[in-house]
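In order of appearance the chains are A, B, C and D, and numbering begins at 1 in each one.
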Amino acid sequence: MIPLIAPGWLLLGGACLIPFIPKGAARTSFMLALPLFGMGLLWLIPDGSLAASFGGYAITPFRMDGLARIFCLIFLIATFLSALYAWHLRDSFQHVSAFIYAGAALSALTAGDLLTLFVFWELVSLGSVGLIWARRGEGAWHTGLRYLIWQMASGLLLLGGALFFFRETGSLAFDAMTLQSPSAWLIFLAFGIKAGFPLLHNWIQDAYPAGTITGTVFLSCFTTKLAIYALARGFPATEALIYIGVIMTIFPIFYAVIENDLRRVLSYSLNNQLGFMVVGIGIGTPLAINGAVAHAFCHIIYKSLLFMSVGAVMYRVGTAKATELGGLYRSMPLTMIFCVIAAASISAFPLFSGFISKSPILSESLGGGYWVVWFLLLFASAGVFHHSGIKIPYFTFFAHDSGRRVREAPMHMLLAMGIAAFLCVAIGVYPQALYAMLPFPMGDYTAYDAAHVIGQLELLIFSALAFGFLMLSGLYPPEVRGVNLDWDWVYRRVLRRAFERIGGSVLVLGDKVWGYVLGVWGVVYSVLARFYGPGGLMGPSRAAGSMALWTAILLSLALLFAYS
Amino acid sequence: MMRRLVQKLAFLEKNPRRVFRALAALGGALLALDALLWIAGVYKNIPVWHGLYGFVMCVALVLGAKAMRHIVRRREDYYAPRATDSEEERQP
Amino acid sequence: MSETLALHAPALVILLPLLTAPLCFLFSRAANGVWATALLVSLLSFLCAAFLLEKTFDGRVLSYHFGGFPPPLGIEYRIDMMSALMLLIVAGASLLGLLFARRSVARELPAARQSAFYVCYLLCASGLLGVAATNDAFNMFVFLEISSLAAYALIALGGDRDRRALSAAYNYLIMGTIGATFFVIGVFFLYAATGTLNMTDLADRLHALPVGSRSLYAAEAFIIVGLALKIALFPLHVWLPNAYAFAPSAATVFLSAAAAKVAIYALVRFLFSVFGLDFAIGGETLNAVILPTAMIGMIIGSFSAIFARHAKRIFAYSSIAQLGYMMLGIGLESREGLEASFVYLFNHALAKSAIFMALGCIAYQQASMKLSDLHGIARDMPWTMAAFTIAALSLIGAPLTGGFIGKWLLMDAALAQGFWLIALVIAAVSLMAVLYVWRVIEAAYLKAPTGRRRGAPRAEAPRREAPFSMLLPLWIAALLSVYFGVDTRLPVGAAEIIADSLEAAGQ
Amino acid sequence: MDNALQILTEDYNAIIATFLMMIGLYIVMSRAHLIKKILGLNLFQNAVFLFYISAGKVGGGTAPILTGEAGAIYSNPLPHVLILTAIVVGVATMGLGLAIVLRIHEAYGTIEEDEIAQADIADDTRDEDRE
């Protein structure tokens, strides 16, 4: 094929140029032009792959096929919308981070081998952490570090997996594999971290609410969906994924209900949505995979729209805590409308995008005989509506009036949200356009039959009734400021405390045990320090005499080996 | 146009029970339609099930989460200074 | 023209610096003049090396008969891919180091010793080049000693800034001389057994001898230990940390990039080209000696680096660990292992010289190299620290840098023989590298600068960015270490040819 | 036993050289005085040179000067040539070593190894003050 430049590489190259363009309209126009050019390239590039050699290994730095193409398209759209949303920003560090992030994610999509995938996998981590650190401040710094450690762990697992994979198969090609060998497990875990598998998920809810207003919009688009792509490519029809996915859809909704920080609510709901996609990949029929891909496509749009609307509120009000908001429909009616459209989409109202992409997954889970899975997914769907569909718009724009009177979101934010909202509705109304781009043919599948529509409407309306009932009866838990402990408590609190406490009171494992452990460590450290410190055996400034002795010893050893 | 929308919403906000009743009416209509279609044999789904399931599960979800909050909630500065939760949001 | 050059380049590449050095000493005491001459000569030498590399890239071997006497009687310079690569590394490091040296030396050395520095530098370079080019065992000894003697002097020149440079140079001199003498003893045993010193000839005649001759065992043992001293292979590494830490910055840059690596080259030349793997202390014995010492060296060196508090010493210790990586590839005794070693060696030369140049830039602005005195230095010297970070990423082995491909190949080579443990050690030692690099990055970027620096005469003056002439070579090295991480044709292609030829010789 | 006797009579040069080498290496290891160390090193090197030259001797051979006489046996001249070079290296090493010792004396005020090591360790400890 003609070596056209890959869209991801275009963005990466553009990211390097950004600092040299004067801040302001010139730079933002440039940043908007990049994804548009990328879309043009995507249109021009035919299916195929580019073979190359790296360090003596046959690699495929670029591969384009149906699966990669649709993900590339949505990533470019998301880049464009996020960049438009960030028009007002004058922070070079964020601009460069965001475009390295987006470019790396796109390049990872078109990576045809594990080595290239690993390289961009790590670059994704590096670029994205900049969007958290750009918030500046101590909390953001620590949060970014935790985030980076998780991402790097994922990268190292992928690297180890790639090495073993090469040893097992003699190839680095990134194609479908089965969970038969250690290498596949390592790669699976690497993908799992980025996809937010249960117990590996905490970085999402930890980091996304800590990003900058515009940075979180970028963050919500790429990392996790890249992992979904990787799972769809590497582990389609892996049964374990179905159960993992179901757990992912269920447990976050409980947290989403009680969480006060709206961006964290959205992060939990993001995790839940990923669960639907993972289930679709796990079922693995062409229709289910299509559903997962379509869901990822729609999800990127409506989830970023949700983050945009909450971000716009944050931009004007200065906070995204439910306790501090309310009654904002008076000041920001347009933002409210866009938020409601996104909420309707994520709740899978008929005529909105979520509906047409979630339906295939649900019907395939039923069709595949996974009854329990289907029941749980239905529960999760109701839960999604509850926290994302109702809670987010309700507590932001309605509920009790916070008394805050602010200006409507700035024009460029409204524009970005407007385009996203238009896409949400357009896809919901005319799904065939999306279906036509999916990797497998959809046949005459349609989400709009009476059973689907009425069933879904019923589910949603009665969920809303439940919400109304609970609100009116006063049973609904009031919003309160606070932090909710999740699994990350174990490493953020327990382990940290355990390491920090030397003579403190009993924590979990008991003071004495830890005192003992720390005591041993203290001894080991002092021995090591003496060993390596000044005058130590391994320390600097040793006299020449002892070195000569070593020479003699080594020579005798060598001779001993030789003569023995 | 926006102003009229805001006025309408303000009216609804002051009368939440009306909204609830309207929703309940809509739900009832949907249930009826569902049952009718099932009787007419348009499809084989279990009728009415989606609605009841959605209602019950949502109540269960909220009450479950409410109970869970007793266990998992901590003060906002619990992780401070290593988290952003208690950091003052930067004003625009 | 090209053919004439091809005929004489193997000699020119060494003779140019070798002859210029005494001339400079005799005729000029003006440091700038000597520097300019040295730079010119280094450039010419580098061009010759590049030319030779290009000539040998198809696997061709160039042979130069010194004085017209054909081997095995005369001294032969024999340039194959391995020699050419080493020539390129040495000449390139010498060129970069000299570009860097002018301002650095002017600041760090008293005026009276500056021209002496460049003379020693040129001598050292020509000695290392000679080791790489010659095909005569005794000639190799002579060149090894030329380079070592010059290196002792170079290190001792740092004594005006920190007296520990003197004791380090003394220790190095004692150890280096013992090592060189061991080497000579080994060469003597070989000569006594075969009657020749030409290495190609030696290899032929050795293979005609019956296997199991004791004097040959002894020869191999003496040569391995002698060269291990020059390589600073654990446990013979003790001379290195202080020598690198207290030598003048420009000398450290050059020595860290070239000196130990040329010794590794000599070892590989003897082990694989002369003895051959199935001969003498071949096979498993070599595995049993080199693999463990290399691994222990990696771990001990990294530990020492983590515990060190002096920026230059951190990376001196890191060199011990990194040399362990290269020896590991050799100890694996496989085609893949050798290839990995040479790729690693090439990329490490770039990354380490960039790191020491960055530290030299800091040394230009402040006398102290204590970590606590580097707090917040990235604010004052953003360009220096940015290049440092890039090079440090390569040292760690981050993707898209040269270090990555080296580590990857090495792990792959270890796994190819089923050495899981070794692959794990490689990964663990890389993580240790993250630790000690992080400590410097943290000090430079995250810590607030301390108000007063004790014992530093320049403390009151605000630190400024290093001069352009020092930043230029620093950035060249840093960017090259990224470039060769993406476009791996040169290092990997060369290493493949080297591994092929060594494998063929080892049969 | 015969074997040992044969070694003693035929390879006595190797035995002497090895003995001298050991003495030299021992001095390097055991003496703290820097100049004595260098002298030990020199002895060590010279022992190796002796070994080389003595091995070049061919039984009954004369000095390798061409006289035109047919059937003359010459000693092998190559070791002599090599050692000539090596001696130059040795002299240079010794000169450089002594020069460094001189500088050390200026800087440390002593040339006893243990005292220098103590001074170095003191310097290192000064570098160590934890941040």
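Definition applied: contacts are C-beta pairs under 8 Å (C-beta built on N, C-alpha and C of every residue); 3 or more make two chains touch, one makes a residue touch a chain.
On a predicted model such as this, the values are computed, not experimentally measured, just so you know.
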*asked:* Which chain has its C-alpha centroid farthest away from the centroid of chain D?
replied: B
*A-C against A-B, pair bridged by the larger set of C-beta contacts*: A-B
*Averaged-CA centre spacing for the pair chain D and chain A, given as whole angstrom*: 67
*Where the CA atoms of chain B average out and where those of chain D average out, how many Å apart are those spots?*
91
*Averaging only over C-alpha atoms, locate the centres of chain A and chain C and give their separation in whole Å.*
44
*Distance from the CA centroid of chain A to that of chain B, rounded to the nearest Å?*
26
*In chain A, which residues are in touch with two or more of the other chains?*
533, 539-544, 548
*List, in ascending order, every residue of chain C touching at least 2 other chains.*
164, 167, 170, 174, 178, 242
*Footprint of chain C on chain A - complex, ascending*: 54-56, 115, 118-119, 122-123, 156, 160, 163-164, 166-167, 528-529, 532-533, 538-544, 546-548, 550-551, 553-555, 557-559, 561-563
*In the complex with chain D, residue positions of chain C that touch it*: 138, 141-142, 145, 149, 152-153, 156, 159, 162-164, 166-167, 169-170, 173-174, 177-178, 180-181, 184-185, 188, 191-192, 197, 242, 309-310, 370-372, 375, 443, 447
*Please name which positions on chain C make contact with chain A in the complex.*
164, 167, 170-171, 174-175, 178-179, 182, 214, 217-218, 220-222, 224-225, 228-229, 235-236, 238-239, 241-242, 245, 280-281, 285, 288-289, 300, 303-304, 307-308, 313, 339, 343, 398-400, 405, 408-409, 411-412, 415-416, 423, 427, 488, 492, 496
*asked:* Which residues of chain B touch chain A once you look at their complex with the stated criterion?
replied: 2, 5-6, 9-10, 13, 16-17, 19-20, 23-24, 26-27, 30-31, 33-34, 37, 42-43, 45, 48, 50-55, 57-59, 61-66, 68-69, 71-76, 78-87, 89-92
*What part of chain D is in contact with chain C in the complex they form?*
25, 28, 34, 37-38, 41, 44-45, 48, 51-52, 55, 78-79, 82, 85-86, 89, 92-93, 96-97, 99-101, 103-104, 107-108, 116-117, 119-120, 123-124, 127-131
